[in-house]
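These are the structures, in structure tokens.
Each of the two complexes below includes subunit A, the first together with subunit B, the second together with subunit C.
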Partner chain A sequence: MTGTLLFQSLVLGVLLGGLYALLAAGLTLYFGVMRVVMIAHSAFLILAAYLAWFFHQQTGMDPLLSLVITVPLFFLVGVGMQRLLITRLRPATLTMMSVLLTFAVALFIEGMIGFVWSGTQRRIQLPYSGASIEFFGARIAVVKLVAFALAALALAGLYLLMKHSRFGQALRATIQHREAAQLVGIKTDRVAGFGFGLGLATAAIGGTALSLDATIYPSLHWHWIGPLMAIIVVGGLGSIPGAAIAAMVLGIGQSLLQVPLGTTWAQTIFYVALFATLMLRPQGFFGGRLAQRF
Partner chain B sequence: MSDPTSSPEPEFLLELNDIQAGYGRAAMVLRGLTIKVPPATVVCLVGPNGAGKSTVLKVASGLLAPRSGRIVVNGADVTGQGPQEMLTSGLAHVLQGHSVFREMSVAENVLLGAYTLRDKALIAERVEFVQSLFPIVGERWKQLAGLLSGGQQKQVEFARSLMVSPRVVLLDEPSMGLDPKTTATVFEQVVRMREAGVAVLLVEQNARRALETADIGCVLDLGCVHITGPAPELLADPQLSELYLGGRPAERAPSTDG
Partner chain C sequence: MRNASDTRLPATTPAGSEEGGTTRSARWSRGRVARVAALVVCAVLVLSFPSMAPNAYILSAGIVVASYACTATAWNFMGGFTGYVSLGHAAFFGLGAYGTGILIRDLGLPSFVAWLLAGVLVLLVTIPLGIAALRVRGASFVIVSISFVLILLLVFQAWGSFTGGSDGLVVPRPFPDLLRPEHHRVFFYLFTALLAVMLLAWWLIDRSRFGTGLKAVREDEDKAQALGVPTRNYKLVAYVVSATFTALAGGMYALWFGDLDPIFQFSIMLGSYMVLMALFGGVRHLYGPLLGAVVVGVGLEYFKLEFGDTQLHLVATALLLGLVVLFMPDGIIPAAKALAKRFGPQDSSIREISAAELQERNLTASGTPSSTPSGTTTGRTVADDEGEDER
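Presenting the complex of A and B:
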């Protein structure tokens, strides 16, 4: 592997890791707040990508503008989904049953996308789609940079919201000790609903970022959910910073392994990391103390 | 709801009248239980495991809705309301075990105690007050609460619950898992709360120790109050000592009913 190729892979890995980080943050948030395993997270991701593509196709405007619609829409759908579906599950079997429930939601979304937009592969063509910039000898596509910037901004926003807003404090308190949160006057059911909406909003942003640079089709979400699940287990379930760090490390690893192994085998890094984590440190590498911190 | 500052002091700050409560479809845990706590008084619940002591507190703070019965806090009927409404009526509940927000600083924990308050000056005043009551809270202000020792965490929990300036405080096994020295500190704080005019309802495994601090003792068994009386009398009763306080063997008293 030449130095330039290595550096190029590294940069691409960072850019990919940023998107993984945002999506994994959302996925681990559902688990942290409600002990829900959200299989449909990546289905919403692909749905948002389709909405961005559709928006671009209909209006001719930049797909990034679709965020103005999809982010609040997904937030509301998330709140509704938590209040109307998730809370109907029995608390004792919530985690197990949430897998089935959200699996069904994923299938439903996949079917709806196929029904409305057919199974044809779609791709957004933008004036800057082919543009790239030279960065210390590495060629980086502009769309990848835009996607990364979007993911990074969204993660930074999530961090500020969790760390410094009244809602973020209430959400963290709910994650860390639900009964104690109720006893200081936090309406934990409402907070959990908003937390779920926040998770789906990350899928909206991630999907828009993805649409800039990817060919999309209805069943694409199955390619995403596996790596994302692996990331949040490696990072420690419920830990947002753990998810972000694991996403970055594994994203870079995947990108570097693509050179010698090809794309298919590079994907296995997620599952190797998952097995290694379950054998060596089942609570995740940032579980325990970091798990509930932000 | 009456304004607690303008209305005359009610005779009891907390009244649980004929409460029936339980979890899910399982059998009732509380079966017609009545407990009344006057102002500036420590009432201690004693009884065997499974008597329903913790459930009494959960019902009183709104974490568990009673099937029947009436709850009055500070003169206001709050039956069937959730923890947030109970809190604004002047009731705070310190849970069993450790219930600090572990991955937040002591400061964040204490300030979350004032989550329902908006008045910044009032909050600052209360922070100063709880820091003077529990010096460790001020000393460890910036540290992560989960890294403090068990006794220090308990004091953070006390401080957090006092931020709303409650008239009624429910304490569930405040000495559990603590060494004797820290236990002494905790009971010292209970006495201080009473001195501050707070009504305290206390549940303790260490019943003898608790009754030495309390004014009134209630012996709970099978979801009912069996015996209520001044704490020193309960302590002196040889039959009670034998049955509930793990005490010395003594000759049977003729009757302890009523």
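Presenting the complex of A and C:
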């Protein structure tokens, strides 16, 4: 019996870890291209979830279709944010000030969501909301599977884009060495803007996936930003594979710990991992040179 | 021999160099007198605020602003000197508040003994926390500081049997026989006294070798380390001092307000207010956080009064923080100085008199008769004879 429970939470952990991995990949992108820690990432995540809910509310169509609108929209917002806000900061204090700036953006989004849609908790009711399938004795909600599939597809797409396209090469070159990338003719400013947009697009996808099976409210993003930040520090700032692995490990850990400890205490695993990382390897477990100085 | 490009002599003073020195020191002491006078006027204004406040609401708003000023100044021990932005100082505020409350509840200590003891406890707790957090710099440090608040919020909400959880923790009033307005008045003075101690400590550190070391960390940590500044220990001391003062402000708040809730004590908003206020006023200035707290704090209280419970105060805070970060990251004190300079007389880098005229003026100013043959220097410009010693 406990074996089934264990397997059940393991599967749920993998599903949760997939979503964490996608979101952490977005955070890593921002950090890679601009050395910016984007506190507003999870606020955009919640905003996307609200947009999906609103889309469903207004049109009655499946919230997944809202991706057609939100992904390009968030991409443009990301490019605009990089161009209009982040680049205005002084290079010397960019890292610190960008944290404050994106923090302000997060507060702004939280406030505007609360103002427009009120603080009431929202949830999408779908025909397949209650459905679940049996998988080797574990019951898995269909919405969680859909969310995971969405996250996995987006991550795979991101991987292909980064590894096998000219734009991906330019992006990786910009992350690795900005000046050198400029010397070989890469327009690093434009690439950095697109990188930012890509990161925000992951928030749009993640938010839509989240909206399928979560109750959303404006201040929910604080529950996401802590774990996501812990993931990227544990994984090593700037390393996308590191972030994905850390996300999986910690997501599964959280899911397993929920059984004996309950949801609240299980969340502390992220912070325990964060402090363990700081004491043992401040640069993160998978980070390269990049992470050391930040 | 004096050169035409020699500007050591103040050209406008009619007397010699020795007297130039004395007038400068006289002017400096005049500035000092003005500064002391302004300080006294401000102190009198602040101290007379409780008797001028028309009603208890205004007085309690004044106390809230005073507590903001305390927290922002306490934050500035770390943020201002070392440049490490901590978004999580609310953790120490909440620890101080809860520490005070729990010590009174469980050990039955007198209120202010519990308050001091809570401060000492936070000081001890901060040492290992600081060692862990200060292993990283920049963005990672901010992440760690935010995680302090988030983790403590989780723990204090979940551990209801010890902290009261979401039901809150009632802290007994230290002066049970005082009426409410009197109670407010006493606490206004207590907060002001705490603030005065903090400002004095900041001023002392600012002038010390220790403070110089911290500022070196802010400007370039690697270079400071290379020059032999014990950066880690200095940062740790600054962090501990900052956290302890924040905890004392939190404990004072607990004694005043009497009711604690994890949501409000361990709130990210509280930590961000500290940063916003300090940045708004100017982190490099002694009174910067205080000024920021007065402006932003009054604004926040007004917003709460006017718009009540809507989410607009989040939006307003966000816009203000964004504007400050984008357009005046050094705060309003330097921004106002720069503005005043813009409307004042323009200083230009181009000299509009020739070298000969300048030399003539310098010589007549110092009272010695011109010994230079006038023919050799006429018509020459400063650029020509730079570095030459002409006789």
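Things to note:
FYI, the second predicted complex is superposed on the first by the 287 of 294 C-alpha atoms of A that agree within 3 Å, B and C clash if a C-alpha of one lies under 4 Å from a C-alpha of the other, contacts with A are read in each partner's own complex, and residues count from 1 in each chain.
What we mean here is this: a contact is a pair of C-beta atoms (placed from the backbone, for glycine too) under 8 Å apart; a residue touches a chain by one contact, two chains touch by 3 or more.
Just so we're clear, the structure is a prediction, and the values are computed from it rather than from any experiment.
Once the two complexes are laid over each other on the shared chain, residue contacts for A:Leu85 go to subunit C alone; subunit B is not touched.
By the touch criterion defined above, A:Gly185 reaches subunit B but does not reach subunit C. Contacts of A:Gln176 after superposition: subunit B is touched, whereas subunit C is not reached. For subunit A, the partner that touches more of its residues is C, with subunit B and subunit C as the two candidates. Contacts of A:Phe115 after superposition: subunit C is touched, whereas subunit B is not reached.
Of the two partner chains placed by superposition, only subunit C is touched by A:Phe31; subunit B is not.
Within subunit A, the residues touched by subunit B in the first complex and by subunit C in the second are 293-294. Within the complex, the subunit C residues that touch subunit A are 83, 85, 87, 132-133, 135-140, 142-144, 146-147, 150-151, 154-155, 157-158, 268, 272, 275, 279, 310-315, 317-319, 321-322, 325-326, 329.
Put simply, subunit B touches subunit A in their complex at residues 61, 63, 82-84, 87-88, 92-93, 95, 99-104, 108, 112-113, 115-116, 144, 146, 157, 160-161, 164.
Those residues of subunit A that touch subunit B in the shared complex are 169-170, 172-173, 176-177, 179-187, 289-294. Subunit A meets subunit C in the complex at residues 31, 35-37, 39, 85, 88-90, 93, 95-97, 99-101, 103-108, 110-115, 119, 218, 222, 225-226, 229-230, 232-233, 237, 262, 264-265, 267-268, 270-271, 274-275, 278-279, 282, 293-294.
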